[in-house]
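We just call them A, B, C and D in the order they show up, numbering each chain from 1.
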Amino acid sequence: MPTKNARPEFGPSSATVRRLAKLLEETGLTEIEYQDGTRRLKVARGTLAAPAAAAPAAAPAARAVEAVPAASEGPPAGAVTSPMVGTCYLSPEPGAPAFVKVGDKVREGQTLVIVEAMKVMNPIRSPRGGTVASIAVENGAPVEYGEVLLVVE
Amino acid sequence: MPTKNARPEFGPSSATVRRLAKLLEETGLTEIEYQDGTRRLKVARGTLAAPAAAAPAAAPAARAVEAVPAASEGPPAGAVTSPMVGTCYLSPEPGAPAFVKVGDKVREGQTLVIVEAMKVMNPIRSPRGGTVASIAVENGAPVEYGEVLLVVE
Amino acid sequence: MFEKVLIANRGEIALRIHRACKELGIRTVAVHSTADADAMHVRLADEAVCIGPPPARDSYLNKAAIISAAVITGADAIHPGYGFLSENADFARMVEEHGIVFIGPSPDHITMMGDKIEAKRAMVSLGVPCVPGSDGPVGDLETAVKLGAEIGYPVLIKAAGGGGGKGMKVAYDADQLAEAYRGARAEAGAAFGNDVVYIEKYLDHPRHIEFQILADAHGNVVHLGERDCSLQRSHQKVLEESPSPALNADQRHEMGEVVTSALKKLGYRNAGTLEFLYQDGRFYFIEMNTRLQVEHPVTEMICGLDLVREQIRIASGAPIAYTQADIRLQGHAIECRVNAEDPETFAPSPGRIAEYHPPGGLGVRVDSALYSGYKVPSNYDSMVAKLIVHGTSRNECLMRLRRALDEYVIGGIKTTLPLHRKLVQTPEFIDGRYDIHWLERWMGLKK
Amino acid sequence: MFEKVLIANRGEIALRIHRACKELGIRTVAVHSTADADAMHVRLADEAVCIGPPPARDSYLNKAAIISAAVITGADAIHPGYGFLSENADFARMVEEHGIVFIGPSPDHITMMGDKIEAKRAMVSLGVPCVPGSDGPVGDLETAVKLGAEIGYPVLIKAAGGGGGKGMKVAYDADQLAEAYRGARAEAGAAFGNDVVYIEKYLDHPRHIEFQILADAHGNVVHLGERDCSLQRSHQKVLEESPSPALNADQRHEMGEVVTSALKKLGYRNAGTLEFLYQDGRFYFIEMNTRLQVEHPVTEMICGLDLVREQIRIASGAPIAYTQADIRLQGHAIECRVNAEDPETFAPSPGRIAEYHPPGGLGVRVDSALYSGYKVPSNYDSMVAKLIVHGTSRNECLMRLRRALDEYVIGGIKTTLPLHRKLVQTPEFIDGRYDIHWLERWMGLKK
């Protein structure tokens, strides 16, 4: 029964919690924290059998480049990840159109993006034929090893 | 029943807590934290299978007087425990027969042993009538607070 | 040297004493209440004796139980730590009567310093500066005026029978004296039915500075510099440092001479601390603590001595093995007291420790009996850890303290770590510009 | 001073460097392999960049990946730690070519000291004593006899083309020389088809003693005393101490002068260590490490300096702010290397840490990136913690070390803590009577 108070019930919606719990399961994550302005929601699941990893929660250290969970948890299906640290470019040169955009059909071996490392331009080629489902990085963004660049399904 | 105070009760609603607790169970989560502005609510449940108390196993320290588990675990039924630190004597004076022996019937208030502390002899009386089922200490042994002296059933 | 020492305390200080004993090759006996059966020092001690139920009066304040435990375990000496029975002259006397050494001063010195009026009288006679005042009732305004000029303004007129701020007036100069004097008498008369008043010097922005001394049974007395403990909330010290940002080497040396000479004349023995208010370049004795203090580690960090070890050595009859000239105070040290409390409301927060990860590395020391899985009992003091940091300069010490506070993880309960993290970023603390009122004002607890 | 430093390493040394940076107000970039995504320094660093998969050649030895990470994060400087790329001149040069400061010596000095023959030649020319020998083939017995008298017995006759102990004979006096010389030549000829032999002084019971130096870009060089690292197993240091129980103040001073003067002439910059064999009152240079060493904390504990801070300051161009006369070596320090290994078989023991409880209190320092729940990866070196203890005397240090070892709890994996607990009880270690062979003999690994 919904509460009838003037002030609405304080607490997250059950549906949202259920949805996030499912996502935890699906992704193998142990925690999801979400904040939007002053609203914040966090769900967590300790490892059920193993002891809850008492990870030192580095007190105030905010990270500019966040460690990518994908690196340790495995990237999503169809993901094309960066084989190196560098800077990712979506087009062959400034001002030129992007190599690919979402919805494009791509062939195996087709260049998707370029990662520049040590002043060398490394074309990142599609490992399979398919459709570009999403592009995860922005033009000129720094990328780390294992970071998801785009998804080809 | 709603509280009738001008100032509303401080604390989350029981219904919300119950709902989130149920959600924890349902989803297998260990924690839900929710914040909206300055209001925050967190519910958590420790690992179900009893947390492995990561107790520092004091490496080589052997103990002469072992901490009595009874103190923290609760003594067995019928146990008569020492109300003080001291030395326990089973008979009124050296060479004399013991106050009681296993199998003796005892009355409530009958002296069972003596605990000497600060040179004062403190008779330990039976809290109930019954039979001496066992004697847990030896004559002249040091005893600590809460240590089981004997069992009267 | 002793074979076996009984530790008549709990928590971090019991562990601290255990460590010093182990490093001297002395066996330890932990005594504990039923609430502390799982405590770290109980686990580490060579022997452990349960002495009573959780309430302190039945366990850690139970003199007979503690002495019985010493007798049945055959301990040579008892270290009382701080708090509990550490300044109880009766206990010290009982311990001695049982042929056991009390690791502390003589019962007579404990008694003397326990009586605040007697302590002040003794210190005045030994040449230690105290808060100047009338030393008795002031019966008329003329005497008040005369005293005002002698003592120096501001002065405080105080009801003899009073308390709680009633019948208390401050005069900032001679012009205000008449009004303050009459006002205090009138208020005192109305509030307590007794209009007798005293006059003493009023300190409106003092620091709390204390001197650590060590004295042996052979007449040797040394001081180990001062500690600045001005950061207080509700008269509880929150953070201590040494040296004080307010003193220079000359002031330290001068006051050090005064206190060592006084304690030499007094025939004092073992560790002790003289607490002063300090304002405008002058010291005013408040009281003497005849025991180890919570904040002793900041002194250890700058002088390199183990104060508990020194206490034990002195109690065993050994002479102090160095002179004042040998003592070198090096660098700067700060201690943060970490309490199991809400950092905003200061409501106690006992409970089970989930994650526990103390900071490490160069110049960082943690004195704490916490461990992951330990349950902080609700029966005792809320201080659960001391983070002590040393650096070659105050700035280096501060930078190190910040990074250590950032590394410290205590999960499962609330602690005052967030308060310390904020405190060490304030300009006033960074500059050392604080008095005993500053912290409460900064926290918004006081105007 | 730098704004942001990239830490090109992992484990405890990455955390060590992070701490020094934070205490200087410098932001940190952690680079890590996928195996180290949960590592302590990755969690604490201001920024973290994954640079490759677990194998070190693809991550921590991947020069391009590390430099790219520095470029994309805008780091001013790179600290290489020890191991990995710390003594790789190519890497140091590449870093500099990208306009980033390499926190270490010049690439040329790294190259010079990386070539053991070149290093020895340089040291001889700079007046540093090396193992005396024939410096070339010895073609006949007469020359051998002459050299034997010059060098002093015992001497070693060694096959030029050899290895593995073949073609190697010791002569303890002139009478044994002829037989040893002929035997070595015969064995060398048979084993390697080449009977050319050398002669050098044979050290049968040397200690490993090394000197720590700091040199800035302005020609200032100081030494911070020595470390005794003679306790080794399979050429791996197990426990280090400073000062060495074998040296006196005059020997320390004299050798300190030799090494500082040599490095001043060499124009060396940043931290460095000269390793010597020491026997019968004489030093023999073995090699120079042009980087921070694992055992640097024992030096820090006795000299009060933060060596990583000094490295960073020097790399930023700042001059060393003190002279040799200002450096005071105080007390005694010991470091135990704790490895994730079976303490009997030394089989690696990676895995998840269950309980983790480091020791605390006065004089105890732990440098470790372990935490409860951390998984020690199987891909890297097995050293997981360093326990460093300081005391005013060697005896105090030893007593403290014992109690700290007894407090240290690392659950879930096997570690070498039990080995250290036994080692610190042996009479030979207590008396400081050990050479580089003693530990293996004591462990029964060697006759």
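One rule holds for everything that comes next: a residue touches a chain if its C-beta (ideal position, glycine included) is under 8 Å from a C-beta of that chain, and two chains touch if they have at least 3 such contacts.
Only a predicted model underlies this, so the values are computations on that prediction, with no experimental measurement involved.
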| item | value |
| --- | --- |
| Joint neighbours of chain D and chain B, given as chain labels | A, C |
| Farthest-lying chain, centroid of Cα atoms versus that of chain C | A |
| For chain C paired with chain D, centre-to-centre distance based on mean C-alpha positions, whole Å | 44 |
| Separation of chain A from chain B, taking each centre as the mean of its C-alpha atoms, in whole Å | 51 |
| Between chain A and chain D, centroid-to-centroid distance (C-alpha), Å | 42 |
| Two or more partner chains touched - positions in chain C | 44, 355-357, 371-373, 406-407 |
| Set of chain A residues in contact with two or more other chains | 51-52, 54-58, 61 |
| Chain B-touching residues of chain C, taken from the complex the two chains share | 29, 31-32, 34, 37-38, 40, 42-53, 59, 64-69, 71-73, 352, 371-374 |
| Complex contact set, residues of chain B against chain C | 51-58, 61-68, 71-72, 84-87, 117-118, 142-147 |
| Complex contact set, residues of chain A against chain B | 3, 9-12, 14, 17-18, 21-22, 24-25, 31, 33, 35, 38-46, 48-49, 51-52 |
| Chain C contact footprint on chain D (complex, rising order) | 15-16, 19, 22-25, 44, 297, 300, 304-306, 330-331, 355-358, 360-368, 371-372, 392, 396, 399-400, 402-403, 406-407 |
| Residues of chain B defined as touching chain A within the complex | 12-13, 15-16, 19-20, 23, 26-42, 47-49, 51-52, 54 |
